[in-house]
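Labels for the chains are A, B and C, by order of writing; each one numbers its residues from 1.
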Amino acid sequence: MKKIKNRDFNFIVGLILAMIVIIPALIGTVWTPYDTEAMNSSLKLAGSSLSHPFGCDNFGRDILSRIMSGSSTTLLIGIGTVFIGAVAGTLIGALTGYYGGLVDDIFMRFNDVMFSFPSLLLALVFVAVMGSGRIQLLLALGLAFIPSYVRIVRAEYVRARNLDYVKSAKLAGASDMRVMFVHILPNILKVLMNSILIGFNNAVLAEAGLSFLGIGVQPPAASLGRMLADSQTYLFNRPGIAIAPGLTLIIMVLGISLVGKSKTITEI
Amino acid sequence: MTGIVKKIFSSILTILVVACLVFLAFAVIPGDPAVAKLGTQATPDKLAALRHQMGLDIPVMKRFLVWIAGVIKGDFGTSYSYSMPVTKLIADKLPVTVILTVYSFVIMTALSIFTAILAARRENSVMDRVIQIVTQMIMSIPPFFGGIVITLVFGLTLKLFMPGGYVSYGNNLPRFLGYMFWPALAIALPKSAMAFSLLYTGLVTERKKDYARTAFSRGNSTKDVFYKHLLRNACIPVVTFFGMALADMIAGSIVIEQVFGIPGLGRILLTSIQNRDYPVVEAIIVCIAILVTVSNLLVDILYRVIDPRTAISE
Amino acid sequence: MKNSKRLFVSALVLLMTAALCGCAGGKAGEGDAITIGIPQDIEDSLDPHTAVAAGTREVLFNVFEGLIKPDSNGDLKPAIASEYVIDDEGKTYTFTLRDGVTFHNGAPVTAEDVIASIKRCADTSNGDPLVAAFSNIASIDKKDDKTVVITLANPDTDFLCNMTTAIIPADNIDNAGTNPIGTGPYMYVSRSPQENIVLKRYDGYWGDKAFIENVTFKIIANPDTIVMNLEGGSIDMFPRVTTAQAEQLSDNFEIKEGTMNLVQALYLNNAVKPFDDVRVRQALCYAIDPKEIMDYAFDGRGSEIGSSMFPTFGKYFMPELNDTYNQDIEKAKALLAEAGYPDGFEFTIKVPSNYTQHVDTAQILKEEFKKIGVTADIELIEWSSWLSDVYSGRDYEGTVIGVDASTLSPRALLGRFVSDAGNNFVNFKSAEYDAAYETAVTSTDDAVQTENYKKCETILATEAANVYIQDPAELVAINKKFTGYEFYPMYAQDISKIKLAK
């Protein structure tokens, strides 16, 4: 990603949208306008005002603050999930794809089984096994996302191992590890980068979905999915409570998927 | 044809592996169905008696063999919570999930093909641009938020349906189908936006090809060329996506059930996990695995039908 | 392929039409039917003897009856028995069966059915009997076709409240879990897991027949959709809405306010540090203000309590205990310093995630404890984990929960704090308490009993066994089309009293 490609509309708009959410979220990890858990009975369900631009929830907690901290939680879980998925997926995919053989067959059978399951459902089963909470959720989603990376990376390695540049590197005496991670890996980064961005979006949506079901991030900690779930009670009289976290989620996902589609990323 | 036979065989194997994994996973996780059922009335003696009644005092391996033998015969045991055969319970709820998924799939297909052709026919027109931007946004709407917005707009404001007014398919089929349209729409919207962009790319590429020009030059109307000639070829790369979308829709229905108050497999799955009602949890997961593999298989066959080259190349 | 476009368009049109006619159809047989929302399905059992959950009891209340039955004032009224005689000592209980009582299958209730039902609940072949108090039964005999005599091993004037145990047909005991047959005003029709439970009026009922013919209990698993369901008309009534939900409802609904009959408290594990020190427990009591909790989470509703007793037990409730600890931050800090925690400490409150009211309360407690330097971490756990870890395993520091009374006897609330009680999940230990409780239970003199039960309550308050909060308000939202709802001092939704408003 040397420089932004000429007039890459998708990249610029995507980046701006993503930053609209990511910058406040990053700030949210260290500072929020109000304590995200502090309650104030006089501000129960208060509408938007100068001091509380998005209003307050049913405990009188500032919604803007909660969105900031909620989206940072979502963001961290997204990054963590992609990290676990991509690192483990790349390792497994590289080893099995490069060496092939019986181990590869067994792994692939197993991977196909996992892959035949929607990742949201897989994560749900993992959470059932491990219990709910931030760390468990991160692990569950990370595990659930490994198979998709394994699949992509393995395919690339299978293709690469017969290519000329790999053969010549081997002839030159490079070790397998070196061939795998120094020679081949940089060449599949483009494919990997794209699936990381898609995976990030899927992880964000899965986190929100699980929290929405009440088995993800636990109160009083804020989470976009949880806020959406709670907002349903007030849909009649204060639909705004649902709109704010919902839009935040959409803007973040939209921004990142635009970046992922942009020429700058796809034509590295 | 051997390709398909091989696929069917490996699908059966996959389902069996899922069944084994799921049983073993739930045999080791913490939580005791007897404790969940007895609640605050539990005493050590009562727990022991109930565990015996549930067959939980039998060694895991033996339990596993009995269970897997039952599964092969289609018998998943008896639910701890509902004291009824799991097979009957699932048979009752499975249609809800299947109909919701099929419904979403139909909406997705119809919507994406219609809009893709509409946009691709007038490439770079204002209409095209508007559709492009709108689909890009719709793609990013998580189904459960879509569900909330649909409830708010079509249910509460326009009063086109009664939120929470789910009726079982056994009681009143038309009302059931009417209600299910909305959750299906919530699931289908983001997926149809994705299908749209794939189809659109396909159509735009196809129209530049020679055969398309020939078709145009023969004086066929644009509409005819698109629906008769281009669509079929543009569909080929999208079929794989449709297959994956189908699997996602099954998972998506679990979340959307919660928004629309639909007592389908998802609701049963969530409560059964809470109650440690393992026979039900295991059966539902195996069921979903079957649904997913069968739909993958169908997509595979469809692929061969649309694009005969795949069959030959194998 | 020309038709493909037409196909897609017509498919869409068809689906839209289906969606629109879906909402046109009205409810079948409106007027003689009511749909009641309940938060969870019956997941323990339809069998009244093995059912344990409060949510199950309140539904089955309509289907089953015992020899006697509580009315809405909490008084025990003869039901299947038309009268009963208790000897002065409280040892022999003689019940005369009412004429003309039939089961839902039409069969008359016989002495054999009564004996079989009670024997089943007293059976000890699996260890503990289904009804704990029945271990005191020495014998149960049929005197004649209409008379059953129960003789106790030890005198117990409080035994009668256990006779609300459901009577079921002797020949249906093996199928009780799948085909429930009782004698109540409503009979069981069908169920669909996680969807509904359907009851129908029993026209052969011996007493005042119910008004509404068809009753559907609809399971609303997602509490966030309760308001939508009520306003949309898919349910007519929901017991226990939150104040926030009540505020959202339109004029079409009446909000009835009663009490939940729960002892809601921050229950502390008295056996673990730092809660083994009475001063620490008292400090927490001084730190909180039940009024503040009620204001935040319950819109000011609810009744303050100061011990393990709620106001409905008028005879035993001691309002003066509410003032044992009034919020006093300085005093709380001083007590903590005295106990060796001048800078406070950190502990975990485990709360079952399915109870919004307790989760909300825990969130407010957390804020209140901050003021005395105590950090409370909230850990939400599943109900099944709460049962196994907290309630049975006693592996916790603090938990917010509401404890209800399973029978209409003070023992149901106070018995669990006896040092060696199996359900003493807070590990409370006090010789003085044990002695007072023992005196109350063994005495046959009402005045002595009352005095000692009150002594027990006072000990719980002064020893700060738990941080007592409130008996939460129960808000029932009911469509104004219906009238006649009555509260019970126990878990019961008596549908037979509800009728159409004129």
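Please note the rule applied: a contact is a pair of C-beta atoms (placed from the backbone, for glycine too) under 8 Å apart; a residue touches a chain by one contact, two chains touch by 3 or more.
Model, not experiment: these values are computed from the prediction.
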### Query
Relative to chain C, which chain has the most distant C-alpha mean position?
A
### Query
Given the contact rule stated at the top, which pair of chains has the most C-beta pairs in contact?
B-C
## Note on the structure
So, in whole Å, the Cα centroid of chain A is separated from that of chain C by 43
### Message
Need the CA-centroid distance for the pair chain B / chain C, whole Å please.
### Response
38
#### Entry: Separation of chain A from chain B, taking each centre as the mean of its C-alpha atoms, in whole Å
22
### Task
At least two other chains touched by the same residue of chain B: list those residues.
151, 156, 258-259, 270
### Message
Can you pull out the residues of chain C that are in contact with at least two other chains?
### Response
222, 225, 228, 231, 382, 385
### Query
Residue numbers in chain A touching 2 or more other chains?
231-232, 235-236
### Message
Using the touch definition from the top, list the residues of chain C that touch chain B in their complex.
### Response
1-2, 4-5, 8-9, 11-12, 15-16, 18-23, 25, 40-41, 43-46, 52-53, 126-128, 177-178, 191-195, 219-222, 225, 228-229, 231-235, 354, 382-385, 387-388, 391-392, 422-423
### Task
Note which residues of chain B are touching chain A in the complex, please.
10, 13-14, 17-18, 21-22, 25-26, 29, 136-137, 139-142, 144-145, 148-149, 151-152, 156, 247-248, 250-252, 254-255, 258-259, 269-270, 273, 281, 285, 288-289, 292-293, 296
#### Entry: Residue numbers on chain A that touch chain B, as the complex places them
109-110, 112-113, 116-121, 124-125, 128-129, 201, 205, 208-209, 212-213, 215, 225, 228, 231-232, 235-236, 239, 242, 246, 249-251, 253-254, 257-258
### Task
Flag every residue of chain A that touches chain C in the complex, lowest number first.
37-39, 41, 58-59, 131-133, 214, 218-220, 229-237
### Task
State the interface residues of chain C toward chain A in the complex, per the touch definition above.
222-228, 231, 242, 244-245, 248, 295-296, 353, 359-360, 363-364, 366-367, 378-382, 385
